[in-house]
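Chain IDs A, B, C and D follow the sequence of writing; residue 1 opens each chain.
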Amino acid sequence: MARVFLPQQLHRLTGGAAELELGAEDYRSLMAELDRRYPGFRQAIEQDFALVIDGDIINDPLLETLPPDSEIHFLHRLGGG
Amino acid sequence: MKQHVCSTVNGEPVEFLCAADETALEVLRDRLSLTGTKEGCGTGDCGACSVLLDDRLVCSCLVFAAELEGRRVTTVEGIATPEALHPVQQKLLEHAALQCGICTPGVVVAAKALIDANPNPTEEETRYWLAGNLCRCTGYDKIIRAVMDAAAEMRGATS
Amino acid sequence: MESFAYQAPDSLDAAVALLAEQREASVRTQILAGGTDMIVQLRSVDRAPRMIVDIKRIPETRSIKLGADGLILGAAVTGAELSARDDVTAIYPGLVEAADLIGSTQIQGRASVGGNLCNASPAGDTIPALIANGAICQIAGPGGWRELPVEDFVVGVGRNALEPGEFLVALRLPAAQPRSADAYLRFTPRSEMDIAVASAGVRLAVDEDGVCTEARVAIGAVAVTALLVPEAAEALIGTRLDDAACAAAAAASTAAARPISDKRGTEAYRRTVVGVLTRRAAVIARDRALGGQA
Amino acid sequence: MSEAIKAEDFKQIGSRPIRPDGLDKVTGRANFGADFSLPGMLHGRFLRSPHGHARIRSIDVKAALAVPGVKAIVTGKDFPDVEPGDIQGGEGGGDYHDMAVNVMARDKVLYHGHAVAAVAATSVRAAEEAVRAIKVEYEPLPVVLDIDTAMAPDAPLLHEHLYTEGLPEKPARPSNVAQVMESSRGDIEAGFAEADVIIERTYYTPTVHQGYIEPHACLARWGQDEQSTVWCCTQGSFDVRSMTARVLDISVSSLKVIPTEIGGGFGGKTTVYLEPVAIVLSRLSGRPVKLVMTREEVFRASGPASASKIKLKIGARKDGKLTAMSAWMAYEAGAFKGSPMVPGVMCVFAPYDVPAFKAEGYDVLVNKPKVAAYRAPGAPQALFATESAMDELARKLNMDPIELRLKNAVRDGSQAAYGPKFHAIGMEACLQAARAHPNYKRPLGPNQGRGVAVGFWFNVGMQSSAEIHINEDGTATVIEGNPDIGGSRASMALMAAEELGIPYKDVRVLVADTEAAGFTNVTGGSRVTFATGMAVIEAARDIISQLKQRAAALWNVDADMVDWVDGKVVARPGVNVEADPLSLADIAAQSAKTGGPLLGRASLNARGAGPSFSVNLCDVEVDPDTGKVDVLSYTAIQDAGKAIHPSYVEGQMQGGAVQGIGWALNEEYIFDAEGVMENAGFLDYRIPVASDLPMIDTQIIEIANPGHPYGVRGVGETPIVAPLAAVANAVNAATGLQMTELPLSPPRILAALEAAKG
């Protein structure tokens, strides 16, 4: 089970839910499940957020698989100077 | 009304026509294709356009081209010999004393003038001499070390 | 005239004649010495065409004569040329320091004392130093020569007392008294490449007992022109230039200042700092005078 | 604590060779943005808004067109309408529609210096004369120049159709606040209740500029075949291509961008100002057009860094353990949305392990130029607040400032305030190095003080490509697409040489244009040595796998019978091959026989950019009579991961430190009441000069980044984060003051000293 932390900016979509456990094996199934539970979640994520798997920030995560018991965060995409 | 000017640039006689309000920097870059001399501000505040005018360090953006009549100009292109870089150039490379490199031509010319005038500059003298050469990348540390190292090497070579 | 023109006369007579001729023809002219202020202004403020008259090929504008009568300093002498003269530096160290503070090494190679004066910026570094030294302007023009004290030469921000057809040839500084010296200090946020937020020039002489016999104090960047501050001088004369006397001179400078607030400093700040600089410059001049540097 | 890297792991990495482009740059041969010319080229100049905020009533260019030598004039009407959309790939946020309107104003000007028209003429003088002949009628509007004014309920609006994003519901009225964001964890009420000491202050930082010495410049040539070529000094040629294409509504395939050498950027050259305008001028005139900004234009009309207002509150127990932190953070975006508020909110508490925190951020529009990225965008402002407060806390607790930070430092496994768990970070190692540093023990004299501060930046990966061509003599050419802004060619060459087992001098590195290099994101985000370096290593490994096949073919054995050892292909033990091991040169010489030229390549979307922490120490002396600050000593300690070329890593640390010192002490945009910048030049925008500074001591900490084959982590941005507070804390220590507003200019310090005297 992946431990998923939902971004605070989307708590209005998740009804305040901040953290949950999901059995997703990859990014696609994770997003399908989150979008099923919280309609509009996928679109909001894909616009602004990177995926973080166990501390590793991934800007374009479409093809990522999720290791068992991984910790998942979403992070605003960053640039720099 | 254009001015006809005869001058010596990097040891070569040159002739050019220019407007009376054209600067030496404009003529060097646009008429003589010596683009090694850079424009960072056009107001004498950054030193990127440093050249030697009759061996005196000046900002070429603050010299009228018409003033070059009968005078000698040395630009960054005239500092090295075909055989070797000037020690200042060599030491700037060895010390990694440039990042983007836009201020480097001005630093090379200014540092050569410093060592010509003062073969054994202290750190403080080097910093004050080069205060007119803005560098935004390096924090000056490596530039100062490189110039002092070049001076030391030149002292060693001539003693 | 639709475009710029440039002439570099090689004698005083030729320059006076050229300027007179252009004046007759109603051609706008501008004198070029080092050009470090002029070229910047020509690019940004006033782009109108004019004839540029370069006075640097006139020998009198380039010479430095130090003799028993004092110093004659050509108007186009650069800071770098001046500070290379150890004999001048020994007698007028404050003036040399002031010239040395104008801009970078690159600017030093071009900017002249005379140009700094004619540009008449309230913050011009040489002006307080010249006034403190009692310097006199030597002016050539269609009517011949005339002389004018520096404090009367600068008449406003960017304005000087030159009449059409006239130009500044040289500055004359009186001979130094025994046991006298000058000092100049300015305040800038950076150590170099900056414009004075406030400045002070002091010249003073002491007798064999160390009592101040003569003093002139001038301050800069705290009014539309540099100011001669007789009250500050009076605070020093007759004293041994102790802390109390120097503090009194500082207070006189602060009181005389009429500064504005702008991007370089606030009014209150300038008032305070001009006092600090007066005090510090007086101490330096005193130590120099007592050290027998004059 | 994370492990440091051992030097003996590498043969060439960690050495300090001369950069491949060095000779060009010390002899004046290197060509920068303004150095290119073409036959028939025209020179362009801009007409810029004299108002901070105004509606454009009309523009009359008739008289200007009549100026001899004028060939084309463009105004907003000559540019297509661009749909809104978040800018991809660039830096620092923003929107394409806004970018188009920033490039050339349409119905409104939004800051003094906003481009209103541009002229191309046969000379600069003619173009300038024509610019002066353009007549524009403006209807001036009230200007908004600071956060408080902009956020007031009745504030004049910059954009009548802008509604705050990030709120639960779309608000009823438009606003100057483009976006709000909140980030929190734990119970801050309880955290503050538990605190023995609370520090609560409001911190301000001014608008500052990156101050690159090379002004923006470009040369554009449009052709009747609709193909355009642009030479420009940019941090990202592919970004210039995509942004310009978007602003002009053309396809990226019709645009070739050739990056010139670049004279500094620091984030400021990650967007477009000139390129779309030059192309339109070239199209209208049929001639190549060169546009070069003056220094004044760079200050007025490029992208400075955000001014900020941050209210910070921190609570701690007597033992120094933090119990709660909160921050209200407003960042100025300039005239269009997109300040670095988001990274500011994400990093404000990043160095510390605190049980409860809350940060709220506001992206605020004002009538100033649209901000651009500047080294670790958003972080210097945020950590100026945090690190100033931490210092005050240390003083209140009478605790050593490094000890206080060690007590609360994030470590491997700490949950970052911005979300994920940290792993392999160097915060603790940097703090310990600082505590042990001789500069931390130097005795101080009267009016002197020492400051400590921590810096942090996330670092990013993003997309990179690299190719390596092996020459017939076994030397190599690396082709990549990141403009070399600080010695990256040297790093690329070192990594290729290390991997291929050939000498550094045998590797040349080409920074290629958008048609010769694979797609590569911007030179920024501290990503080049990390991400493009990773591509170079992978391209080299691609070569190595081919070398093994070629050698096996030469030896007539199976490819899995050979190994790559010490820069040579060797037969595996037990394989019966009579020949000696084959070097790259040996195989290259016979490449025609084994399948043709050797060419390796890699493209990737890099992940695993490890964050970088730093600790800076600063000693100052303050003149009590004038308020002037002299920096006596400065020490930068930073976790760089593996330092590929240590001299250039030190250079990043030193340069960033000095930019931060400038930000702390003297740099600021000074505006008059109408929004006109009063100090748009290097004389009065006071970046540090050589005589202002001491040597900048550096200590590189090398905690390997597990996300990179050599352990590299980005180093370019973190250096500017700590100095603001390090300097302020030193000034506070020297004076007993508690300064909360930058810059710490002499008048501000003297006023505070006099106020403290009462």
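General remarks:
Just so it is clear, contacts are C-beta pairs under 8 Å (C-beta built on N, C-alpha and C of every residue); 3 or more make two chains touch, one makes a residue touch a chain.
All figures in this text were calculated on a predicted structure; none of them were measured in a lab.
Counted by C-beta pairs in contact, the busier of C-D and A-D is A-D. Centre to centre, using the average C-alpha position, chain C and chain D are separated by 44 Å.
The distance from the centre of chain B to the centre of chain D, each centre being the mean of the chain's C-alpha atoms, comes to 29 Å.
Of all residues in chain D, those that touch two or more other chains are 210, 265-266, 682-683, 688-689, 691-692.
The set of chain C residues touching two or more other chains comprises 44, 191-193. Shown for chain B are the residues in touch with two or more other chains, namely 19, 42-43, 45, 128, 130-133. Those chain pairs judged to touch are A-D, B-C, B-D, C-D. Per the touch definition, chain C reaches chain B in the complex via residues 3-6, 8, 32, 34-36, 39-40, 42-44, 49, 51-52, 54, 56, 80, 103-107, 109-110, 191-193. Residues 1, 3, 19-21, 23, 42-45, 47, 50, 53, 56-59, 61-64, 66-67, 69, 110, 113-114, 128-133 of chain B touch chain C in their complex.
Listing the residues of chain B that touch chain D in their complex gives 19, 29-30, 34-43, 45-46, 48, 75-77, 79-80, 85, 89, 92-96, 98-105, 108, 123-124, 126-128, 130-145.
On chain C, the positions that touch chain D within their shared complex are 44, 47, 187, 189-195, 197, 262-266, 268-269, 272-273, 276. In the complex of the two chains, the chain D residues touching chain A come out as 86, 90-93, 166, 168, 181-184, 210, 265-268, 270, 342-343, 346, 373-377, 418-423, 457-462, 522, 524-527, 605, 607-609, 707, 714, 716-717.
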